[in-house]
Amino acid sequence: MKVTVHRKAHFNAAHRLNNKNWSEEKNDKIFGLCNNPNYHGHNYELIVSVKGEIDPETGYVIDMKILKDIIYEEVELPFDHKNLNLDVEEFKNLNPTAENIVVVIWQKIKKRLDKDFDLEITLYETPRNFVTFNGK
Amino acid sequence: MKVTVHRKAHFNAAHRLNNKNWSEEKNDKIFGLCNNPNYHGHNYELIVSVKGEIDPETGYVIDMKILKDIIYEEVELPFDHKNLNLDVEEFKNLNPTAENIVVVIWQKIKKRLDKDFDLEITLYETPRNFVTFNGK
Amino acid sequence: MKVTVHRKAHFNAAHRLNNKNWSEEKNDKIFGLCNNPNYHGHNYELIVSVKGEIDPETGYVIDMKILKDIIYEEVELPFDHKNLNLDVEEFKNLNPTAENIVVVIWQKIKKRLDKDFDLEITLYETPRNFVTFNGK
Amino acid sequence: MKVTVHRKAHFNAAHRLNNKNWSEEKNDKIFGLCNNPNYHGHNYELIVSVKGEIDPETGYVIDMKILKDIIYEEVELPFDHKNLNLDVEEFKNLNPTAENIVVVIWQKIKKRLDKDFDLEITLYETPRNFVTFNGK
Amino acid sequence: MKVTVHRKAHFNAAHRLNNKNWSEEKNDKIFGLCNNPNYHGHNYELIVSVKGEIDPETGYVIDMKILKDIIYEEVELPFDHKNLNLDVEEFKNLNPTAENIVVVIWQKIKKRLDKDFDLEITLYETPRNFVTFNGK
Amino acid sequence: MKVTVHRKAHFNAAHRLNNKNWSEEKNDKIFGLCNNPNYHGHNYELIVSVKGEIDPETGYVIDMKILKDIIYEEVELPFDHKNLNLDVEEFKNLNPTAENIVVVIWQKIKKRLDKDFDLEITLYETPRNFVTFNGK
């Protein structure tokens, strides 16, 4: 009997979509305005979803204060008010699409959690475009 | 390792809930105000969710511009500012409940996508009532 | 020292934008898809804002239960699940644009309130288009 | 071919997180401000999701009026404007964390539904913290 | 040429509506469920709006970090996870209706701001009921 | 008797807060993370509010299609997917704070509108921080 707890967080960042192995023409054709060499940016809104058994002592699946600290250390501190392409190690050789960002966030948070927990990350790049990853 | 990408869209339409094989009394009893012969309407808000592998070249599951065009051609163009019962072929003999609309939208978009993609449609009839269909 | 209290409500209705004194060509040119003779529809979301002195006995500007009943009688009962053009007396000879609807709602609620109250109505036709009227 | 229908509802309640078997020191350490002996409170927002076959006669999975009445009787009437710890039988010996509340709501609504329906409950304790339970 | 800057904040609290000078019958009649002697509660969402000239050096009306700290000290610290009737000095003899709370918050923040600023407070008691006060 | 019509729009952009006349130490002290030389970014959400008389022929204050085109030409085309500091003429010597951006947008749209209209712009830099300007 497992319950999923969800916690929202957010970070604001600049990025640019670009494949370094392609010509500038191909990058423009595939990524359009997202390939602006001067960057553009987003308010990324995040939902971190952790599924597990309820601890009968606390009534919690996981203490939200602990989860909040993990999100701060793994996502907000390294990503907020940053240029994802220039300032964040993981995206120096990985195109920072929403899909690649959500996988990176999942991997960073997953290794901080007890193995019995299932994890799903939802990442809003805009209020109209978002992505989900659960490791499967 | 599959990621789900979600895209929002919307259309405004009139409709009426009615079973042509029933008496007017039974239609009124079951569908109440929704059976108004002069129609009522909704702002339908749509979430189209496509699950698939990330293309390592682009970092995309599917190019959002392509998905946006499919949604425009299959849903927005034929349904927006229309009377679903009178103007839309699929509902001439199918009661346009949220449940039936979401299945029709799923079928129309599914056949436009590569077979490797999983598809789920979420349709808000109002901000308080919504439905989900994933083909299973 | 006046406080404004705001109450949300909603109704779902069909409508059509049309000027009976114009040719069909002119109606199509000005109103486009909104002139569909078979109607389209919206989830109208309403904010009723009443400004007045706080009653020192109750701590209320106006009892929300009373305001809720007024909104029900003047707006929800006559407009919800209706065709504004065909079913609502006020729009039989008045084009049901958001602007005209918000003025009608303001007039109907204004006459039910104590004269010392200021009234403003906000009407969302869609989550992206809305109008405001305060009688001035 | 099953569709999920979702219905939103809400209730406002006071609560306090506390384990009666622990010392006050331990309760303060684990539950912090949530252990305030004078209580605090929330606007709980609820999504009730029912998955089943579409009835070909009505086009409905379940009549929303019936589902609305079940939610009223099982959740809104007993929980709204209540102190969960003092006024609600289920929480007299169960810590009213969001996790425990969502399981109780699931159990109460599940037994009112036809056995062929799958049920999932989503409960927002705040706009930033929410939980999900589907019985598995 | 003045710009208004708005900052959102929130606190969760228990309260009870009650006039100590009235009989319990009258309190029940006027305040209904809100008079529950065991309290109920809300997630109060707050918008603090400060209007003033743009500082040509910074491009700011007011540094948001300073405004955030004022809101924390004057509202979040004293009100969050509290019982407004029992734990908050201002409401020991003042009925904690949304109207009275918004005036108290306005007074507390107003005296912390430079006199040249105009201040308006919007307080959501629920997503459907909210109040506004600007000192006039 | 004037009604206000509101239209939402949005653009995604990178920016950096910086005063070129200050030392880097002072810029860091005042603007903190917002001074990142590699930029960060936002999803800016915009509400354009136009107040005027209802045209008795159309029932419109202003045709939304015309307003939508003005917003596209003056805001979305020049600002969307851009670096405000590097790509947008107006911010080459003006710090792109939300306050300065909202004034620039107001000036650009104001000169496109009939003089009888009042104009107010609301600009969300994040869902939690926003600004308003109406020219006064």
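Order of writing sets the labels: A, B, C, D, E and F. Residues in every chain begin at 1.
Convention: contacts are C-beta pairs under 8 Å (C-beta built on N, C-alpha and C of every residue); 3 or more make two chains touch, one makes a residue touch a chain.
These numbers were taken from a predicted model, which means no experiment stands behind them.
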Inset, instruction - Please give the intersection of the contact partners of chain A with those of chain D. - result: B
Legend entry - Least hop count linking chain B to chain D through chains in contact: 1
Legend entry - D-E compared against C-E, more contacting pairs: D-E
Inset, instruction - List the interface residue numbers of chain C and of chain F, divide the shared ones by all numbers used, and answer same when the ratio is over half, different when under half. - result: different
Legend entry - Most distant chain from chain A by Cα centroid: C
Inset, instruction - Averaging only over C-alpha atoms, locate the centres of chain A and chain F and give their separation in whole Å. - result: 28
Inset, instruction - Indicate the residues of chain B shared as contacts by at least two other chains. - result: 127
Legend entry - Interchain pairs in contact, sorted by label: A-B, A-D, A-F, B-C, B-D, C-E, C-F, D-E, E-F
Legend entry - Touching residues (chain side chain A, partner chain D) in the complex: 1-8, 49, 54, 57-61, 63-65
Inset, instruction - Please name which positions on chain F make contact with chain A in the complex. - result: 10, 12-15, 33-34, 36, 38-43, 45, 80-83, 86-87, 126-127
Legend entry - Of all residues in chain D, those that touch chain A in their complex: 17, 19, 30, 32, 94-100, 102-103, 127-133, 135-136
